[in-house]
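Below, chain A partners chain B and then partners chain C, in two separate complexes.
Right, the complex of A and B next:
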C-alpha cells in the first residue's frame, strides 16, 4: 500500500488538470443541487432522487467520455507503461484506476449535490438516512457499471477515439434497449418486459421502489449489480493476466 | 549471479514474431548493449524483461522473480524508455517526489538526481514545458532516484543532439564505473554502445544473432573493406565477383569485403590490363563496426532465405 498510495495521488493529480469541460461539469453539479432545492420534496428518498437526477446523466456521459478517453490516453501516451514499470502490482494499478478514473468522479458528481441537499435540507434527510444513502448507493453503482464498461473498452481498444465512441454508443444503446422493453410491455401487455426495462434502469427503479411508486420482483435488482461484479472481475483478470500497453 | 536472465523468449503480435527464442543475461556490474536495426525487437525484448509485455513462451527472471507476475522484481530496476512519458500536469520536482515515495527513498534524493542530470533549475517547471532532451534527462533522474542495481535503458540517446548523446553515454558509463550499476542499454548506433558496454548482444528479427565483447566483434572484423571508384560500376562489380564472394555496389562505389585486401589490388591491376577498365580509386579500409553489422545481417538474411 505504501508504494501504491503515491501512485494514487499522482494519478489523481493527473486527472485533476483542468480542461474547460471540468469547469462546465462543476456548474452542472451545482445546477443538480439547485434542482433539488427548488423542486418541492416530501421525503428523503425523493430529495436524493431529485438532487441526483441531473448529475446522474452528467456522471454517465462524463464517465463514458472521461474514463474511456482517460484510460485510453494513459495507454497511448505511454503513461501506463510508466505505471507498469513501477514495483506496484497490476492489481493495485487497476484498483487505482478504478478509483481515480471511475469511482472518484462518480462520488464527486453524485455526492456533491447530495451533500449540498443534506446541508440545506437536513431535516428531510434526517427523516430517512438509510433511504437517502440507498439512493446514493444505487446511483453510484449504476454509474460504476457503465464506468467499468468504458474501462474495458479503453483497455481493450487502447485508442482514445474508439474507447469514447464505444462507450457513448453503449450508453445510448443501453438506454434505447430499456425503452424498447418498456414499449414491448405497453404494446404486448406483458409485465416481464417492464421488469426487464426496470432492471436496466436500475437506479431509477430502486428510487421508485424506495418511494413506493412501484413494486417489482426482487430479481429486477440483481442484473446490474451482478453485471458490475462480473465486469469488475473480468477487468481484473484481463488487466493482471493479459493486458499489454501497446 | 545474473540480475536478469531471459531464456527462449518468444513474443508475437498477431502474425508478426517480434521476439523469437531470444536468450539474454545481464550479470552484476555488467553493461550489456542490445543492438540491432530498427524493428529488430529491442524494445519488445526490454518490455518483456520488465514484465510490461506478456511473453508467449520462454522465461524471464529479474532478480530471481518473474516480472510479469511479481512487481517486486522491479524494485531494484531503473527504467529509461525510448520516448519518456510522464503525467504532464506535474512539475519536475513533484514527479520525482512521487517516484521517490513509490520506491520508498528519501525526498532528499530528488535534488541529488536533479543535480546529476543538470535539471536543478527546471525543478519547478511542468513536465509539459520540457524539451525532448530535458525530458530524457528527467527520465534518467527518474530512473536513478532509488539507486537501482540494474538500469534498463531503451534507446536513451534517441531524442538527443550529439552533445546530449555524449553526455548521456558518459553518465551511463560513470554510473556503471563509480556506482557499480549494471546496465542493459539498447541502441541501433553501434559506436555509441561500444564505448560503454562490456558485452554486445546483436539481435535481428527478434533473434540473438551475435553476442560478445566489443573486442570479440573487433576480432571478428578480420575482414577489410576495399572501396573502389570506377566508371562502369556494374561491369567492374561483375568481373570482381568472379574473384570475391562479397561485392556490392553502394552509391557511386563498389565495396569488396575480403580478408585479403592485397589480392584485390592485384586483381584490379589484372582487370585494368585485360579489359581496360577505368578505375579511379582503390582504398582499403578497416571495416567499421557498422560495416560488420551490415555484413553480418546480410549474411544472416541470406542464410534465412536459403
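Right, the complex of A and C next:
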C-alpha cells in the first residue's frame, strides 16, 4: 500500500491544480450556499438538495476537465506509461485514478457547499442528519456514475478533445433523454415513462422522495447504482487486461 | 514562481472567503423565494376546482407544506417558536378569508410551531378574489414585534395537469434573516482564513 502513496499524492496534486480548482470550488460554495440561504428551507433534506443542485453541475464540469481531459492528457503525453511503470498493480493504479479523478473532486465540490450551508443553518441540519447524508450520498453516487463514463471515454479515446466532447455530449444527451421520457409521460399519459425519467435523474428523484413530494416504485432507484457498478467493473477489466497506454 | 499554498491550504482559504461572502450576501439581500410543490392527488384530475388554502409565510427557516386531504388542502406553516404569538395574530386576521378550521401544534424537536389550516375556497373563487391585486396582497399592519416582517403574503397558483400530479406554486416575499446564523459564518470564515495562512507558512517551511 505504501508504494501507492507517491502516485496517489502526485495525482492529487495534479487534479487540484490552481486556478481551475480554486475558481470552480469558490463558485460552487458561494452559489450552493447562497441558494440554501435565500430559499426558505425547513428540512435538512430540502436544505441539502438546494445547496447541492448547482455544485452537482460544477462537479460534472470539473470531472469532464480533470478526469476526461486529464486522463486523456496523461495518455497522450506518455505520463500514463510512467504511472504504469510504478511497482504496483494496474488495478491499484485504476483505483487511484477513480479516487483522485472522480471521487475526491465530487466529495470536495459537493461536500463543501453543504458544509457552508450547515454553518449558517446548523439547527435545520441537526433536525435530520440521516436525510441530509442520504441526499449527499445520492448526489455523490449520481456524479460518480457520470464521472466513470467520462473516465471510460478518456481511456478508450486517448485524445483530450474527444474525451471532453464525448463527456459533455453524454451528459446533455442523458438529460435530454430524461426530458423526452417526461414529455412522453405527459402526452401519452403513461406512468412508466415518468418512472423511467425519474430513474435517470436518480439524485433528484431521491431528494423528492425523501421530501415526500413523490412516491415512485422502488425500482426507479436501481438503474443508476447498477450502471455505476457495471461501469466500474468494466473499467477495471478494460484497464487491467486490454488498455494500452500508447 | 513557487506556489504559496498547498491544495489543502487553498481549499481552506476558498471556504473561508466563501463563508464571509455568503454572510455578507445573506445580510444584504432579502430572502425571496418560490416554492414549488408537487401534489399527488388522483381526485384532482377529475375535480380541478378542489378547495385550496392560502397561507402567509416570511421566515427563512419556514416552509409551506401542502397536502391534499380529499376536499380540502391542508397547509401548514412552520415558524420559529418566538413568532408564535405574532403568527397567531396574523392567522386570526386572515380568518376573514373563509378559513374553516385551524389548529396548531408545536414540534419540540425543531422548536417550531406548525399551524394547519383548512379552507373551503375553490380555486376559481380564490383567483377571482385576488385578481385585482395580481394574486397577492400585502399585510400593511404587520406586527411590530414580528422578527421577520411580512411584506407580502399569499399566493397560490394551481396548475392542474393531466396526470395524477398537480403543481402548486406557493411564493412569498419577506424580509429579515433571524434564522440564519450569520455570525457563525463570519467567525468560522475568518478562522479558516487564518488557518490556511498558518498552513501555508508551515507548508513553505517544510518544502524548503
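As a working rule, the second predicted complex is superposed on the first by the 239 of 246 C-alpha atoms of A that agree within 3 Å, B and C clash if a C-alpha of one lies under 4 Å from a C-alpha of the other, contacts with A are read in each partner's own complex, and residues count from 1 in each chain.
Just so it is clear, contacts are C-beta pairs under 8 Å (C-beta built on N, C-alpha and C of every residue); 3 or more make two chains touch, one makes a residue touch a chain.
Quantities reported herein were computed from a predicted structural model and do not represent experimental measurements.
After superposition onto chain A, the modelled positions of chain B and chain C are compatible, with room for both. Touch criterion met: A:214 reaches chain C, while chain B stays clear of it. In the superposition on chain A, contact of A:10 is made with chain B only, not with chain C. Contacts of A:245 after superposition: chain B is touched, whereas chain C is not reached. Among chain B and chain C, the chain that touches a larger number of residues in chain A is C. Once the two complexes are overlaid on the shared chain, A:2 sits against chain B while remaining clear of chain C.
After overlaying the two complexes on the shared chain, residue contacts for A:108 are found with chain C alone; chain B is out of touch. When the two structures are aligned on the shared chain, A:82 is found in touch with chain B, with no touch to chain C. Contact with neither chain B nor chain C is seen for A:203 once the two complexes are overlaid on the shared chain. Of the two partner chains placed around the shared chain by superposition, neither chain B nor chain C is touched by A:49.
Aligning the two complexes via chain A yields an angle of 160° at the C-alpha centre of chain A, spanning the centres of chain B and chain C, rounded to a multiple of 10. Touch criterion not met for A:143: it reaches neither chain B nor chain C.
Superposition on chain A leaves chain B and chain C with their closest Cα atoms 8 Å from each other. Counting contacts by the rule stated earlier, residues 13, 16 of chain A appear in both its interface with chain B and its interface with chain C. Residues of chain A that touch chain B in their complex: 2-3, 5-7, 9-11, 13-14, 16-17, 77-79, 81-82, 84-90, 92, 241-242, 244-246. Every residue of chain A that touches chain C in the complex is listed here, in rising order: 12-13, 16, 18, 21-22, 25-26, 29-30, 33-34, 37-43, 46, 108, 112, 115-116, 119-124, 127, 185-186, 189, 191, 194, 208, 213-215.
Residues of chain B touching chain A in their complex: 13, 47, 50-54, 71-75, 77, 79, 81, 83, 85-90, 94-95, 98, 101-104. For chain C in complex with chain A, the touching residues are 3, 7, 10-11, 14-15, 17-19, 21-23, 25-26, 29, 31-33, 35, 37-38, 40, 57, 59-63, 78, 109-112, 161-163, 172, 174, 177, 179-182, 184-185, 188.
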